[in-house]
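Some structures to go through are shown next.
Heads up, the next two complexes both have subunit A, just with different partners, subunit B and then subunit C.
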Partner chain A sequence: MAHPSQLGFQDAASPVMEELLHFHDHTLMIVFLISTLVLYIIMAMVTTKLTNKFILDSQEIEIIWTLLPALILILIALPSLRILYLMDEVNDPHLTVKALGHQWYWSYEYTDYNNFGFDSYMVPTQDLTPGQFRLLDVDHRMVIPTESPVRVLITADDVLHSWAVPSLGIKMDAVPGRLNQTAFIVSRPGIYYGQCSEICGANHSFMPIVVEAIPLKHFENWSTLMLENSSP
Partner chain B sequence: SRSKEESEKEEGFKLLGILDVQRIPCARNAILHGAGGSLTTGMLYFLATSRVRRSFDVGFAGFMLTTLGSWFYCRINNAKLRVQQRFIQEGIKNKIVYEGSVLDPINKPKAENPSGPS
Partner chain C sequence: MSDRINEKIQNYRTAPFDARFPNTNQTRNCYQNYLDFHRCNKALSAKQQDPAPCEWYRRVYTSLCPMGWVQRWDEQLEEGSFAGRI
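Let's turn to the complex of A and B:
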């Protein structure tokens, strides 16, 4: 999760997010160099004593300031498009989970092998136990196995919502009447937090998402337990 | 946790308020190479021409080119290293999972069965 006054990204927990972080570093360096160049040009212009009232054009500099931005854009666009297509790949997922947005909670359905599902409500502030995070923790987390491709089908029951987990590099709109798909692989066990990212009413800020990634063997135990609890 | 946060704040340093040179791989090296390249080109131009203002311009151009060159060289090597790292991780996982089986990446030869009497 994010720490107080954090400005940068959270640590990556999936390969796609790692790639996004590297792309961000690359773009930030380009932005830094452009900013430095502009700052230097401003300083040079402000401090010079030279003036030329009769300059009309200059082919050389116009060629430079046409080609250079084009080159910079290509340098940014190529890795960007690569990651865009990488994010669209869905490589034979081991598990499919359905996430439904409601006002104002999420529900998750695991229907691959046995049918079970549960609702995920935010833990109210007055009910927090020591160690839980305010406005982030939920009563039932979405549990998935680590290092397994997981597909999430996202939709909504009423109004627009958005299912987002920053450390996994995922954000997908939950649209009523539409099924959106996203896939990810969690690299390491842990608990990853996100929040609803599309305005959906009074409690839009109070329907967080918590993904718990655990080793496959523990996931099998958990799903067996959930099935036993849900069966009459 | 407060002392940890304070030490993290002290360690963080962002050039122009945006570039965290300590956390981004290759950033520190690129900026240092750029600074060195800028000093070198600027000084050499000044020694050759004695033009102060133009030397600053040349020095700045040297900074940009050296930083970019060092950055891309380091990032390309870093990317190759990460690809290798992923292959190694997959290989180690496969070795543990498939050791002794037909899919063993090392392909240890099995002992042949003794043939019957001729």
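Let's turn to the complex of A and C:
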């Protein structure tokens, strides 16, 4: 989850997010280098008494400061396109979960084998137990198995919402009447938080998303238990 | 032929990748499988054949479509107000 005065991304919990993180590090380094160079040149220009009133042109520097930016852009574009196509790969999911946005809660459906679904409401601040996170924790988390390709189909029941989990590198709009697909693999067990990312009314800030990733065996136990508890 | 279908249905895990719907918008994938299930049932029942192969379409649309959508369409079918051609 995010923590106070955080500057960078949250720790990556999926391979795609790791790639995005490294790409961001790479690109930000280039940006810092260019900015430092330009700032240095500006300082140097501004703080000197030397003048030269007779510069007209210079073919050599023109070539350098055309080719170098082109090279830098290629160095940014190549990893970027690599990740873009990586995210677009055909995947063969092991599990399909549906996330439906409502005003103002999410509901999750696991219907590969049985018609099983539940609502996920934020825990109100006055009902928090010690150790729970304010405005982030929910009563029922979306549980998925680790290291399995999971397909999430996102839609909404009323207005636009958006399903986002930053540590998995996912954000997908929930549009009424439309089913948006995204897929991910969670690399390690853990609890990952996100918040609704499309303005949807009074309680838009109070409908968080919590994904709990557990090993497959425990996931099977959980789904059996949930099914037994929910059948009348 | 029906052995292969039966095997596919028995080993069903979740809806596989469908090359007809490669993009983010899977609305049509869900709707098409719902239509195909009912069309398959109708066609095979008309020929007095076993509608078991249609089970594949039912598994796929159950995996993909929100339960609320399926419920609404089933009710419309019962009432006769379903908009799709079956």
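Just so we're on the same page, the second predicted complex is superposed on the first by the 224 of 232 C-alpha atoms of A that agree within 3 Å, B and C clash if a C-alpha of one lies under 4 Å from a C-alpha of the other, contacts with A are read in each partner's own complex, and residues count from 1 in each chain.
Here is the rule we use: a residue touches a chain if its C-beta (ideal position, glycine included) is under 8 Å from a C-beta of that chain, and two chains touch if they have at least 3 such contacts.
Everything quoted here is computed from the prediction, not taken from an experiment.
The superposed arrangement places subunit B and subunit C next to each other on subunit A without a clash.
Legend: residue contacts after superposition of the two complexes on their common chain; A:Ser167 is shown touching neither subunit B nor subunit C. After superposition on chain A, the vertex angle at the CA centre of subunit A, spanning the CA centres of subunit B and subunit C, is 120 degrees to the nearest 10. Within the superposed three-chain model, A:Gly8 lies in touch with subunit B and out of touch with subunit C [touch as defined at top]. In the superposition on chain A, contact of A:Leu37 is made with subunit B only, not with subunit C. Looking at the superposed arrangement, the partner reaching more residues of subunit A, out of subunit B and subunit C, is C.
By the touch criterion stated above, A:Leu179 is placed in contact with subunit C alone, subunit B being left untouched.
Of the two partner chains placed by the overlay, only subunit B lies in contact with A:Leu28; subunit C stays clear of it. Smallest inter-chain Cα distance, subunit B versus subunit C, after superposition on the shared chain: 20 Å.
Every residue of subunit B that touches subunit A in the complex is listed here, in rising order: 5, 15-16, 18-20, 23-25, 27, 30, 53, 56-57, 60, 63-64, 67-68, 71, 75, 79. On the side of subunit A, the complex with subunit C involves touching residues 90-96, 98, 100, 109, 111-112, 115, 117, 151, 153, 155, 157, 172, 177-182. For subunit C in complex with subunit A, the residues that touch the partner chain are 12-17, 22, 24-27, 29-30, 59, 62-68.
Only residues 3-4, 8, 22, 25-26, 28-29, 31-33, 35-37, 39-40, 44, 48 of subunit A touch subunit B when the two sit together in their complex.
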